[in-house]
Amino acid sequence: MTTLELKHVTKIYTVRGAGQIKALDDVSFTLESGRTIGLVGQSGSGKSTIAKILTHLETQTTGEVLYDGEVIPRGGKRLRRYRQQLRMVFQDPFASLNPYHTIRHHIERPLLLDSVVPRAEVETEVHRLLERVQLDSASVIDRRPHELSGGQRQRVAIARALASRPTFLVADEPVSMLDVSIRLGVLNLLADLQREEGLGVLYITHDLATARHFSDEIIVLNQGRVVEHGSADDVILNPRHPYTKSLRAASPDPERHFAQATSILGGSQ
Amino acid sequence: MSPADRAATGTARPPADADETAVDPLELGTTSTEVHSRRVRVPWRFLGNRALFYLFTLWAAVTINFFVPRMMKGDAVSQYLSRNRNISPEAADALRSLLGLDTDKSLWQQYAEYLHLLVQGNLGVALTHGLRPVTEVIAGALPWTIGLVGVATVLAFSIGTVGGAVIGWKRGSKLDILIPLTTFLNTIPYFWLGLMAISIFAVNLGWLPIGKAFGPGVSPEWSLEFIGQVVKHGTLPALTIVIASLGGWMLGMRNMMLTVLDEDYITVAHAKGMPSKRVLWRYAARNAVLPQIQSFALAIGFIVGGTVVMEMVFSYPGVGKMLLDATNAKDYALMQGVFLVITLSVLLANILADVAYAFLDPRTRQTES
Amino acid sequence: MSDTLLSVRGFSVMYDVDPPVRAVRDVSIELRRGEILGLAGESGCGKTTLAYGIQRLLRPPAVITGGDITFHDASGVDIDIDRLDAEQMLRFRWDKISMVFQGAMNALNPVAPIGKQLEDVFVVHRPKLSRAERRAEVTELLEIVKVGAERARSFPHELSGGMRQRVMIAMALALRPQLMIMDEPTTALDVLVQREILRQISALRHQFGFTVVFITHDLPLLLEISDRIAIMREGEIVELGTSEQIWTDPQDDYTKTLLASFPRLTGEKGVVAR
């Protein structure tokens, strides 16, 4: 089991003319391979900042990030190797794929750059990865992103992330820009892959319902601070912090809504 | 209780004791914390920062101007000076400082004296204009250039922008043909256009004079008759400039209009039942014109450089021709003076553009502090 | 005053592109006075085209290829929206039917203060009002939606998303219309802000009594707030029923698919459909 740990991470941005903004305030949690953590927060809560710090696109102001017990490297080859182990899937399926290149190119690149398989096997591996994300590789491989649907593009993004055989996956709002009826499909795919490959997944979202559905644990973030952290069911069904309670009350819940209606009306429909 | 009401009563605000830093979620992201009571908001901080930048640019321009003649071969300049023996000792000294011949002094001293001269408004004497002070010579030509080219530029900008707005608004209509037409006029060599104009209107039809700023034998004065002459003589040059430059303004504005017309707030304006004219001018054009203002400001800056071709074709006594002559005659002092004036006016135009933009676009004050 | 506010019969819209797209296919629906009708569907189903089409806000290449739309005014007069001429249409708009647009991000003119944009409505529709009276109306509107009259001079980019949305609601309310069409009004907002906006809409409905058409892809949300829900797919209404009916006994397969796409927040782990 590998761990990715954030220890008392604080991130302060200095904005000219507007002072300092504390994006993260003393955040600590551990992501384990084989488990999914749902990171729930509204806009401005700092959830994207955490993703950036984990992938080393930003550096924390104070605190440590430990991969398997060691501080993540600052640069050079060691950082490259770290980045191979932690891949990201982004929110916008169109923006994260280069419109000029074919799907083959998108999947090939990490394979070649990280020398995951010998050159002779790259083509086979590309096909394998595409099939893995439930795409018909033959029909998709020579297309360009704009020829695919949003759901297909997001699957390509997942395949690309898996190419370097990472241990951890950070999924930042992976389905919020997709059509409603295909969201669950993509999330289920992520859940299956997580189980089969033993990945540690950080699922970042603002949506409580999907967080509960797909995570083992849930962390609730409010204005840079962790306000609640527990098993998924615990956090959603028995929230302790008032913020979590208000989030839960504010989220649409037809189940509860109609149950109340029945009880108000007295008796069954 | 209707379903909507039941749904709506779900607690929305985190209770007061939720968090020490509890913030009304609806307030998050509001940047206007002060209430604006004055009619016009002056973006002081923005202007203040830009002012520093401009002061720096001014200093840089003046300093570069200092170094330029010193980078030329010393021989050329001293030869030039020795050829002209009628200069008064003070003028000669000034020229030496300006043109970098005072090499017996340290660089710092030279610089100090140069700045001293500038502050006094002494740019030396123009050898090609009978040793008159450079400032006087430039001041003689400047009004003609600013007047003619300035008016022409403003006209081209106004007609082009308004035209572009209308063409963009009525996209797909027959008016679209004006764009390739005016852009074509843009590409015609200006001297040909000018000569054609003279040939048709001045020579053949005799409606307008052939050239110069005013009639022969007339001396400048503030009389109605003189002004009449100036306008008559200026019509053809101004017209040709407008025709030649209209295309650029029209195209730019039309393209911006097309972009703006796709924005949501235009649909909302229509939905509100706003009459077309109102939507066109107050919503669409008002937004589309912003980048045009910046281009306009730059264009103004370069007015001072004059248009050499126009001045040659029409024998117009502007700065352009003067600079050309000075260059041919190697009148370094005059050249240097003109460069400085052009640099300063471009700088000034930029300042005005920034100020105008800051007032016209309320978003700039946020992003560029 | 009849029970029906808006009658739509056989309404069709086509996008004149190559190949042509039938965005709305022969849609018929009767909107009841005072109800909240939810219009659910995914992107491209035609819900926005239908909403725009009813108000004749569509632009080329969209073409209305057929149908009648009748507005049954509270005064008892029936107005055929598709037969109004340009000038009548300008007067009809916003006065009888107004719209709250999606993601008020770009729905407000960036270079004009919001107070001015609210005043605009009165300048055009109530020309007899004096300047002071207009200002008073704008102040009242801003207070009603709890944005505050001091913000009248603020520019859109200075307000948060939630506030901008409330300004849009204030603008839609200005002439006290009988119908408000809301196109994904809370989609870009946080769930807490969303709930607050919904609460406000409900309060306003009680106060002013307008009918609402609420367009969104968020079916669980509609289930909570709507009286009736219409599910749209590929230009057609595939199912129409009360929110209870849709929840307990969905008829169409697509409705069932849509319901199945939303995991349950509480209760057993599974999907929303029963």
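Here the chain labels run A, B and C in written order, and each chain numbers its own residues starting at 1.
Note that contacts are C-beta pairs under 8 Å (C-beta built on N, C-alpha and C of every residue); 3 or more make two chains touch, one makes a residue touch a chain.
Since this is a predicted model, take the numbers as computed values, not measurements.
Asker: Mind having a look at which chain is the central one, using mean CA positions?
Answerer: C
Asker: By raw count of C-beta pairs in contact, what's the busiest chain pair here?
Answerer: Ranked by C-beta contact count, first place goes to B-C.
Asker: What whole-Å value do you get for the distance between chain A and chain B if each is reduced to the mean of its CA atoms?
Answerer: 51
Asker: Just curious, how far off is chain C from chain B if you go by their C-alpha centres, in Å?
Answerer: Taking the mean C-alpha position of each chain, the two centres sit 47 Å apart.
Asker: Go ahead and note the Å separation of the Cα centroids belonging to chain A and chain C.
Answerer: Here the centre of chain C sits 33 Å away from the centre of chain A.
Asker: Which parts of chain A, given as residue numbers and ranges, touch two or more other chains?
Answerer: 42, 246, 249-250, 252, 257, 261
Asker: Which parts of chain C, given as residue numbers and ranges, touch two or more other chains?
Answerer: 190, 192, 195, 224, in rising order.
Asker: Two or more other chains in contact with one residue: find those residues in chain B.
Answerer: Residues 3, 6-7, 10, 12-14, 25, 28-29.
Asker: Please name which positions on chain C make contact with chain A in the complex.
Answerer: Touching chain A: residues 42-43, 190-192, 194-195, 217-221, 223-224, 244, 247-248, 257-258, 260-267, 269, 271-272 of chain C.
Asker: Spell out the part of chain A that touches chain C in their complex, as residue ranges.
Answerer: Per the stated touch rule, the residues are 42-43, 179-181, 183-184, 206, 208-210, 212-213, 233, 236-237, 246-258, 261, 269.
Asker: Give the list of chain B residues in touch with chain C in this complex.
Answerer: Checking each residue of chain B against chain C gives 2-10, 12-14, 25-32, 35-37, 263-265, 267-275, 278, 282-283, 286-287, 290, 360-363, 366.
Asker: Okay, in this complex, where on chain C does chain B touch?
Answerer: 36, 55, 57, 89-95, 98-99, 101-103, 105-112, 120-121, 124-125, 150-151, 153-155, 157-163, 166, 171, 190, 192-193, 195-196, 198-199, 201-203, 205-206, 224-227, 243
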